[in-house]
Amino acid sequence: MSQIEKNSSLWSYANPRKFLATTERVMPFLWGAALVCLVVGLVWGFFFTPDDYRQGSTVKIIYLHVPSALMAINAWMMMLVASLIWLVRRHHVSALAARAAGPVGAVMTLIALVTGAIWGQPMWGTWWAWDPRLTSFLILFLFYLGYMALWAAIDDPDTAADLTAVLCLVGSVFAVLSRYAVNFWNQGLHQGASLSMDAKENVDDVFYLPLLVCIAGFVLLFIALVFYRTGTEIRARRIRALLARERAGA
Amino acid sequence: MMPDLGKYTDTVLTAYAASILLLALLVALSLWRGRRMRIEMEQLEARTRRNG
Amino acid sequence: MIALLLRDLRLAVRAGGGFGLGLAFFLIVTVLVPFAVGPQSALLSSIAPGVLWLGALLACLLSLDRLLALDWEDGSLDLLATAPLPLEAAVTIKALAHWITTGLPLVLVAPVLGVLLNLPGPGYLWLVVSLAAGTPALSVIGTFGAALTVGLKRGGLLLSLLVLPLYVPTLIFGAEVARRGALGMETLTPLLMLAGISAGALALLPFASAAVLRVNLR
Amino acid sequence: MAECAFFRAAQSGMRVVMDLTVSDLTIARGGVPVLAGLSFVLEPGHALILRGPNGIGKTTLLRTIAGLQPPVSGQITGAQDRIAYAAHADGIKPTLSVVENLRFWARVFGAGGIQPALEAFDLTTLSERAAGSLSAGQKRRLGLARLLVTGRPIWVLDEPTVSLDTRAVAMFADAVRAHLAWGGSALIATHIDLGLEAGVLDVTPFKASLAPAAGANAFDEAFL
Amino acid sequence: MIALLLRDLRLAVRAGGGFGLGLAFFLIVTVLVPFAVGPQSALLSSIAPGVLWLGALLACLLSLDRLLALDWEDGSLDLLATAPLPLEAAVTIKALAHWITTGLPLVLVAPVLGVLLNLPGPGYLWLVVSLAAGTPALSVIGTFGAALTVGLKRGGLLLSLLVLPLYVPTLIFGAEVARRGALGMETLTPLLMLAGISAGALALLPFASAAVLRVNLR
Amino acid sequence: MAECAFFRAAQSGMRVVMDLTVSDLTIARGGVPVLAGLSFVLEPGHALILRGPNGIGKTTLLRTIAGLQPPVSGQITGAQDRIAYAAHADGIKPTLSVVENLRFWARVFGAGGIQPALEAFDLTTLSERAAGSLSAGQKRRLGLARLLVTGRPIWVLDEPTVSLDTRAVAMFADAVRAHLAWGGSALIATHIDLGLEAGVLDVTPFKASLAPAAGANAFDEAFL
């Protein structure tokens, strides 16, 4: 263990024990902060913002829709980075973090899809339209499903980590390709991005500030969930290793 | 207390209910599995220590 | 390399016809569509290019699971991995054999099936062109999926799940070429994209497939 | 690691002949170490029989040496591209004939004719039969004949004589002897007596203890 | 009998999710259709019932090859044939397990996918009803096909080829129920036919399957 | 055909015990007759070892007796529903655990507990392992343990000791002896010595001549 203490770079968190110890300490704060941001943002948005002149009270959906849509993409990004780290440096924690993020990302995607569909009903008169933004989210959801299914289907953890990492890489390339393909195929109905730097013209401050709080809440929740679930995965692997040794020893 | 959501009451409420349900489900499942793994690991570690 | 290609082709012919079956599936899916959606010929002719592309894609997909799994089960892959041939080459050859036995016959037979679905006149040429440009990508991407799932007993459905989203860009551009062609519209842009995807997949994916296969063999 | 490589004239022209050296090898299966601290040298012209009870890790060891899976730690030298591996599954295509099967492997390994291989395992009368219609022992003979067409100097064999009758076991022993005489070597895991003059390595003493080892991987080991 | 059913269900769950994957394939085929035929919602909604039925049928079809082939390969079928259980019962149980792991989930998830294709309002009920009445026939017929092709290495595509024509009547009536339902028309006649096919297949085909299986085992 | 059936008290209550009688049997594989004119009687409490070179037709014979394929001509009596067959493929599901695999067969055959079977083949320590992660010999032990849970009196075994180490071969021999003592019988095709006190039947002399035989089937024979 001494060699680990000497090693104070960021990589030292790739040690499962250290990772567990550290996250154990910050978990309560993370959960707390996530909860506070979410509650404040959602309550603010739901109770204390006015209706939009065109969309009526449905704008309130934006406080769930946009943060979850952002996190859906960012979760995949995080998985991509974690997969690369695993492939290059072979830190097990990073592979397990990618695995832990998968279902979280999938649920975020699902929330974006569901809120979008519910929103679409009054706005566009349909639950679902083959708009490029919507469509590419559906494809993203399929990538999440495939990624999770592959993890679940393979027994050997290192094999599973390697294969899912490569899938994540190749999948990212194809997800981007799909985005362009879908755009080409159908120009859509969906709002353009308005959360850019000069966003103030598009979205009023009244909506903008609580939205930012909600986004912060989703980000924090994501981090908390991923840390927690990575811990769970580490323990699951430890259980596996202990059981295997016990049996082999018996 | 409840703001007037006009003709979109159902829409907005379903959206909130669905999302919060999904989030709660995710968190609950994570916590449940997390707790199980933690307990199982501690039991196993205690056992292996006892057996050498 | 040639030996491997010849063997794979020979096996495809011997095993009850690697060709025949892909084609037959394509044929039957195409035939079932009118039963499913109803026989109105205007409706059929408007969905014809799409259905043909989708049928070709599914026929490709279904034949993927025998691409590597048989060699895995009988130990040939272990032996190939220890042979002088680099695994990247072996994987590419296998994709090529898959294309010759599945993609190529699909390209050739698609116009005939177009007749069944009332494909509009100018559509035939573009259907063939788009399939010719797109099916190699389908084979190469499929090989990657097969390499991912090779260790799993009957990974067939998982294979579909992994491969289908990867097929989306190819399908979109391919069907777009055929659809625009059938309507007499400009087809250059999607055709270039389609060819680009094929070329890119052909150049890069064999490395991913070989890497994944090595992991699966250990 | 001094690599002991030297040249020697062999039947098929000049070949680089060197020992297969395994030093301090630890191997794992399914994430669990099964054998540890194994070292041996296999010289050209020699055979080594691996023995050990069921489940000790012979198959895992042979797959590691053949390069199909990475070792946990330790070194294997002289194995690269010099190994012909044969296990239970012998890569035989049931729809191809015996000759077609053999010829394929001969061409993949770039080696010579298949006639000597057919004769060595008495397959000439079966040569046009589809491999799928062979009996268990006939199929196995075909799998072993494949070794002869690889032209590789080190044979790594996992229970090669399963299903073989006594005559076929003798054929196999003759083939191994000829291979050794030619300067090849063989590493064979088996439970039965093959009647070969060969060293025997019982791997039982090398069974991995399950206490986590110190070393390069100890960093993660507690968890994995 | 219960033991066999439980084992098959357990195997389906263990093998990376027998359920999940059939569903996933259904989902993916449905999603791919708009990419192939274009995004116009009127067009989509007019082909929706047919496409959903076709998708369900293909998802069923794809999972057939693991229905008996795995048991064949590892020798379980030889052993089952020498067991006290009559082979007819074993085959029926296996078809039932297939329906529970594939047909039933398809029925439940079809309405969700209907949304993606703009299925008209009244169509949802009839889609579910028709699938519930028709999928048992798909499983039983599929088991027969699987029994026919069980001895063949990767009979997957041959299986499709044999089974698809047998699926035609089920598909026609099933899709007809769903299509008429979506248009608000009378659905009783095709629904009765569909139920009749299911009942007939269930009553008779297990004997055929068992007979065919016995031949294949020798 | 006088069927010689008699009653006898056995361990598990009263059972009908009778000989397995094979008379003038001709069997074919792939349409070609392989063995002809074979007759033997296997009495309860006895074992019979089948011997013969590779490809003579032992596997075909055992499959015929197990009822998996019909004989060309001749009679088999006393086999109906009394046979437990075990061949190379032993019906083991890799994703189920050892116990789940065994319990399934126990329930299908309606026989009792699996504990004795586990103990007889030293599988208790492996009982929760997924069968797919067993080594070749461990898997084979599981396949043999299945015989014990069938409760069937006649064991028909095709090369049962493939991949087994000497200890496991001894376990197997013990299991067979116990089975015989209980009143069962066994028909075993093998190439190696099992150390069993059993009759030996070399099938080599019964190799079918390929001249078309006269008889009931001669009419078709020339064509088939």
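Here are some notes:
In this document, chain identifiers A, B, C, D, E and F correspond to the written order of the chains, with residue numbering beginning at 1 in each.
Everything below uses one rule, namely that contacts are C-beta pairs under 8 Å (C-beta built on N, C-alpha and C of every residue); 3 or more make two chains touch, one makes a residue touch a chain.
A quick note: this is a predicted structure, and the numbers were derived from the prediction, not measured.
Between A-C and A-F, more C-beta contact pairs are found at A-C. Taking each chain's centre as the mean of its CA atoms, F is the chain most distant from chain C. Computed centre separation for the pair chain B/chain C is 41 angstrom, with centres defined by C-alpha atoms. Mean C-alpha positions place chain C and chain D at a centre distance of 37 Å.
Chain centres here are Cα averages; for chain A and chain B they lie 15 Å apart. Distance between chain C and chain E, defined via averaged C-alpha coordinates, is recorded as 24 Å.
In chain D, the positions touching at least two other chains are 30, 88, 95.
The multi-chain contact residues of chain A, meaning those touching 2 or more other chains, are 139, 142, 145-146, 149, 153, 155, 185, 238, 245. Among all residues of chain E, those that touch two or more other chains are 15-16, 21, 24, 28, 35, 38, 153. Residue ranges of chain F in contact with chain A, taken from their complex: 125-126, 128-130, 132-133. Residues 144, 148-149, 151-152, 155, 158, 161-162, 164-166, 168-169, 172-173, 176, 189-190, 193, 197, 205, 208, 211-212, 215-216, 218 of chain C are the ones that touch chain A when the two sit in their complex. Residues 42, 46-47, 51, 56-58, 60-61, 64-65, 68, 103-104, 107, 110-111, 114-115, 118-119, 121-122, 221, 225, 228-229, 231-232, 235-236, 238-239, 242-243, 245-246 of chain A are the ones touching chain B in the complex. Contact residues of chain B toward chain A in the complex are 1, 3-9, 11-12, 14-16, 18-19, 22-23, 25-27, 30-31, 33-34, 37-38, 40-41, 44-45, 47-48, 51. In the complex of the two chains, the chain E residues touching chain A come out as 15-17, 20-21, 24, 27-28, 31, 34-35, 38-39, 41, 44, 115-116, 118.
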